[in-house]
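After this come two complexes, each holding chain A, first together with chain B and then together with chain C.
Moving on to the complex of A and B:
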C-alpha cells in the first residue's frame, strides 16, 4: 500500500523528509523545498533589489540546484536580482573540463550568463602541473586555498555585489566537526555564519544552509536537473571524507543530527580574553589574510621558486625562516612538515571538492 | 522475475560505470527482498571495494535508494519484497557538488 502525502493532498508520497520525518508527494516536496530556501533568504535578508549576484557554479549537484532555485525564486518573488554563473577552472583534466561542460549547458538551460576564471590565468599554474610538482599528498591544500581566492577575484572582475555558494546543511555540519577536531576556534565561529563578509571583500552567503543533501539530490533527480558527479581524480581520500562518513552514520541513527550539529557549532562561544587571530589584508596581493602574507601567495612563491613544499607547514614559522635564511629553507620546511604525521591542510575551511 | 537496476550520482563508478542493468532473478524458491538483492549485487556486480556500497547489511549511509521512483524509507527498506518489473535506483550523495 502506498503511503499518502502528509499534507493531506491525497497523492502518493515519494520521499521521507530527513528533517521532519514527513512523507511528501512530489509536488508538495518541490513546494516545501523551494519555500524553505525562500524563507532562509528572506529571514537572513541575503539580498536587496538590484543586487548583482554571482552563483558559484561547479557543475555538481549543489550548485546546479542552487542556480535553478535562484532563477526560480528570483522570478517567483521578484527579488530583482541580476544573476551570473561563476566557475573556477582548476585545470584538472578529466574532471573539471567535464564538469565545466555541465555548467555551459546550465548557462543555456537557465539563461544565466557564465564567467569562467582559471588557475592558469590567475596564478600561472594548473592543478595538473601543481600535482606534477607536489604529488598527490598535499595537492588539496593548493586547490582549496587557490579556489577561495579565485572566486573572489572572478567576482571582483565581474563587479558583482554578492556571491552565493551551494554549501548545504551536511557540508556545514561536516565543517563544524572538522574545526572541532582541529581545534580551530576561529573558524568554528565563522563556519556556521550564513553570510561571511569582511572589510573590502564581497559578501558570500549560503542559501542552502538549512537544506539537507538528501533533499537536494532528490530535488535534482525529480526535476531531472543536469549535473556532474564524478569524484575529483586527485582527492579520493581527503580529510573531509572522514567527517562526512561519521555524519552520515549519525544521520542514519537520528536524521535531525545534521541540524543539531550546526546548532551546536553556532552555540560555541569563546571565553573572554582568548586571543583569536585577526583578519587583515595580505601585503602582497591585498586579499583577506590572518597573516601578513596570505597562504595563496606563500604557496605560489614556493611553486615559482621550485620549492613547492613551502607553505605546507606553519605559515608563521616559514615566514620567520624565510627572512632569516632563504637558502636553508628547503631543509627547514621539510623537517617541519615531517613532524606532522597527518598533514591536515589548516587553511581549507570550505569544501575541497566543490564550492 | 525481471528487475531493473540503475546507478547514478557517482554510484555507477562501483559497477564499472554502467548505469543501467536488467536482471532476471530466479524466484522459484525464495522471495526476493531488497536485503537479498543487495547481497546479490555485492556478489555479482561490484567489482572492487564492496564497503563503498554496503555497510553491514544495508547500503552505505549517503547512498539513496528509490524503488519505482519512491524513497525506500517509505517502503520498508530492506524488507521490501520485489515484484516483476520493479526499478531499483541507487543515487550516491557522496560525490562533489
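Moving on to the complex of A and C:
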C-alpha cells in the first residue's frame, strides 16, 4: 500500500524527508526544498536586486545543486541577480580534471558563465608541485588557505558583489561541534553566521545553511543533476572526522539534532574580556589577515624560499605566544591543557568562510 | 569540495602509553622526594601530599578568587551522594575545621533530593541512599535537608524537612498527604516522554527546579552544585546537542543567578580522575556508587558522554579544552543574539545591519522584559529573528505538511520581484502561526467555547478596571487539573530545548501545576503588554 504525500496532493509519496519525517511525492519535495531555500534567502536578506553574485562551484553535489537552485529562484522570484560560477583549480592531477569538466557542463546546462582561477595563475604553484615539496602531511593546510584566497581573488577579479557557497546544515552543525572540541572560540562565534563579511571583503553567504545534506543529495538524485562526487584525495582532518561521526550518532537518536546544534550555535555569545583575534590587512598582499602577514603569504614565502615548512613553523610560534598570553587569564584548568601542548590555532584568516 | 580547514595546524596530541608508577620507584614531580601515587594528565607523577595540596588549592582558589563567598554566608549545598558531591562535603568540612588563617568561613547546610520514586526498587535500596547520604552529612555536624523529587509536582511549594530517621513520616508528606498522588503524577509526566533523551532532560530540569525552590523556601541566597570539570564538559556538548546552547553559561560559570538564587560551581576546575584520587587517599566512599543516576538507554546525553570520554582517553586535552570553550561564552544580554553578533563582531555592511534589524518580526515594545522559560527558569532563546534555525524549522514543517498544492500554482504566477518574494515569506509565516491552531486538536478546546483558563484570564482582565479580581482569580486557578493550556500556548513561554520536551510529551497538562500557573501568569502579562503597547515609549 503506497503512502500518500503528506501535503494532501493525492500523489504517492516517494521519499521521507530527513528533516521533518514527512512523506512527500517528488513534486512536492522539489517545491518544498526550493521554497525553503527561498525563505532563507529572503528572511536573511542575502541579496539586493542587481547584485552580481559568484557561486563557488566545485562540481560537487552541494555547489551543483546550489547553482541550479540559484538560477531557478532568480528566475522564479525575479531576484534580479547576475550570476557567475567561480571555480578554483588547485592543480591536483586527476582530482579537479573531472570536477572541472562537470562545472563546464553546468555552465552550459544552467547557462551561467564560468570563471576558473588556478593556483598556478594566482600563486605560481600547483598543489601537485606543493605536495612534491611538502609531502602529504601538511598539504591540506596549503590547499585550503590558497583556495579561500583564490575564491576571494577570483571574486575580486570578477568584481562581484557577493559570493555564495554550498555549505549545508550538516557542515555547519559539524563545524560548531568541531570548534567546541578544539576550543576555537572565534570561529565558534562566527561559524553559524549566515553571512560572513568584514571590512573590504566580499560578503559570503550560505543559502543552504538550513538545508540537510541528505535532502541536497535527494534533490540532485531526483532532478538527475549532473555532479561529480569526490573526496579530496588527501587526508581529512582529525577533528572534523570526530565531529562528523558524533553528529551522525546524534542524528540516529534524534533526527533534528543538526538543526538543534545550529540553534545552539546561533545563541552563543562570547564573554566580555575574552580576546578574539583582531583583523587587519596583510602587509604583502592586502587581503584581510589577523596577522601582519597573512597565512597565504607566509606559506608562499616558505615555498618560494625552498623551505616550505617555514610557513608552518613561523605561525605556530606566533600562536604559541598568543596562547601563553591567553592562559595567564584562564587559571588552573587552562594550565592543565597547556601541559598537553595541544596546538590550538588562535590565528584565523578572518576573511574566510570560517570552516 | 575539500572540507579541510586550511588553518588546521591543530595537532591533536595523542595520549602516550601513560606513566606507570606501579613499580614504586617513580618520584613526585613536585617535591622530587615522595613516592608517586597519582598520575595526572597521563604523565605527571605526584606523591600523596603534593597531590592533596594541589587538589585543595585548586578548590580553594576557585572559591577564593571569585570573592563571592564571604564570612558567615549561608550556603545550601546540593548533595546527591555521588563522588563529586561527597568529595565536596569533605572539602568543605576540612576547610571549615582547619585551624589556620585559610579556614573557610561560610555556613553550609546540605540538601538531598530523594529520587527513589523514579526508580522502581522493591528492596527499598533507594530509601537507603537518602538515609546514607543524610546521615553522613549529619555525622559531620551539619544540617541536612531532604525532599522527595515528587514534591516538584505539588501545587503549593513545600519546605524540605531536616533529615531524621522518620523524615518520610513527617511534615511534607503529612501535610500533603497526597504524596502518592504526586508520585503518580510525576511518573505519568516522565513516562509521557517518548524518548530517553527527553526523559533524562526533563528529570534534570525538575531536579534543578526543586533545588531552586528549596533554596527559596529555606531562604538561602547561595547554592553550591558539585558538578566537576569533567561532568561540566560533557554537559556543554550534550546541551549543545539538544538545542540548549543558549544556556551554557548557567552550567559552566562559577556563579550564575537564576530566580534571584546564586548558583555556584565550586568543583568546576577539578577533573573526575582527580576526585577519584582524593577519595582514595582520604578513604572516602560515595554513597551512591551505582550507575542509577547515570543515563541508561540511548539518550543523547549518554551518547555525548561516551563520545567525549572516548576522545578524552585518546586525546587527554579534550575535556579541558571543551570546558574552556564553554567558559568563554556568556549569556547574550541582547534579545536578538544573532543580530547583535552580526553587527558587532562581523561588521557587516551598514546595509545588512539595518536589514537584520527590520527582520526581527517581534515588536521591540513587546520585549520590555526578558521572559524566562516557565519550565527551566532560564531566559527564553526563541527570539532569534526571521533567519534562524527555529524559523527555518517552522517553515519546513509548515511547507511539507500543507502548502504544496497552492504552491504548485504559485510557481506560475508568483513571478514578481525580490520584494514580493519576501512578502510571500510573510504569508508563509502567518500561515505557520495559524497552522499551529489548526494542526493541534488540543487547541480546539479553547476555541470551541469551553470554559478554559485562558478565557478565564481574559475575562478577569477585562473586568479588572475596577478591582484586583485578576489576582483573586489567579489564586483560584491553582487548583490542579483545570488548566487546559494547549501545547501551543505553553510553547510560547518555554525555551527552544523545552519546546522539544513539550512537543514530545503531547499533553502539556501533565506538567507540574506550578509550571502551568506560570504559563497563566506570563500569558496574562503578554496580554497586558499587548493592550498597553501603544502607550509605551
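Side notes on the structure shown:
Throughout what follows, the second predicted complex is superposed on the first by the 310 of 355 C-alpha atoms of A that agree within 3 Å, B and C clash if a C-alpha of one lies under 4 Å from a C-alpha of the other, contacts with A are read in each partner's own complex, and residues count from 1 in each chain.
Here is the rule we go by: contacts are C-beta pairs under 8 Å (C-beta built on N, C-alpha and C of every residue); 3 or more make two chains touch, one makes a residue touch a chain.
The structure presented is a predicted model; accordingly, all values stated were derived computationally and were not measured.
Touch criterion met: A:227 reaches chain B, while chain C stays clear of it. Contacts of A:217 after superposition: chain B is touched, whereas chain C is not reached. In the superposition on chain A, A:145 makes contact with chain C only, not with chain B. When the two structures are aligned on the shared chain, A:249 is found in touch with chain B and with chain C. Put simply, more of the residues of chain A are touched by C, taking chain B and chain C as the two choices. By the touch criterion stated above, A:191 is placed in contact with neither chain B nor chain C. Looking at the shared chain after the overlay, A:103 reaches neither chain B nor chain C. Applying the stated contact rule after C-alpha superposition, one finds that A:166 touches each of chain B and chain C. In the superposition on chain A, A:16 makes contact with chain B only, not with chain C.
In the superposed pair of complexes, A:58 makes contact with chain B and with chain C alike. Once the two complexes are overlaid on chain A, the chain A residues touched by chain B in the first and by chain C in the second are 58, 60, 62-63, 166, 231-232, 249.
Only residues 2-3, 12-16, 23, 58, 60-64, 166, 168, 213-214, 216-218, 221-222, 227, 229-232, 244-245, 248-249, 251-252, 351, 353-354 of chain A touch chain B when the two sit together in their complex.
Contact residues of chain A toward chain C in the complex are 5-9, 17, 19-20, 22, 24, 27-28, 31-32, 35-36, 38-45, 47-49, 56, 58, 60, 62-63, 75-80, 138, 140-148, 166, 171, 176-177, 179-185, 188-190, 192-199, 203, 209-210, 231-232, 234, 236-240, 242, 246, 249-250, 253-254, 256-257, 259-272, 274, 276, 295, 312, 315-316, 319, 330-334, 336-337, 339-345, 347-349, 352, 355.
On the side of chain B, the complex with chain A involves touching residues 8-10, 13, 60-62, 64, 66, 69-71, 73-74, 91-97. The touching residues of chain C, when paired with chain A in their complex, are 1-13, 41, 44, 58, 61-62, 65, 195, 197, 229, 236-237, 239-246, 248-249, 269, 271, 298-300, 303-304, 307, 311, 315-318, 320-334, 337-338, 340-342, 345-349, 351-352, 355-356, 359, 381, 384-393, 395-397, 399-405, 407-408, 411, 414-418, 420-422, 424-425, 428, 496, 500.
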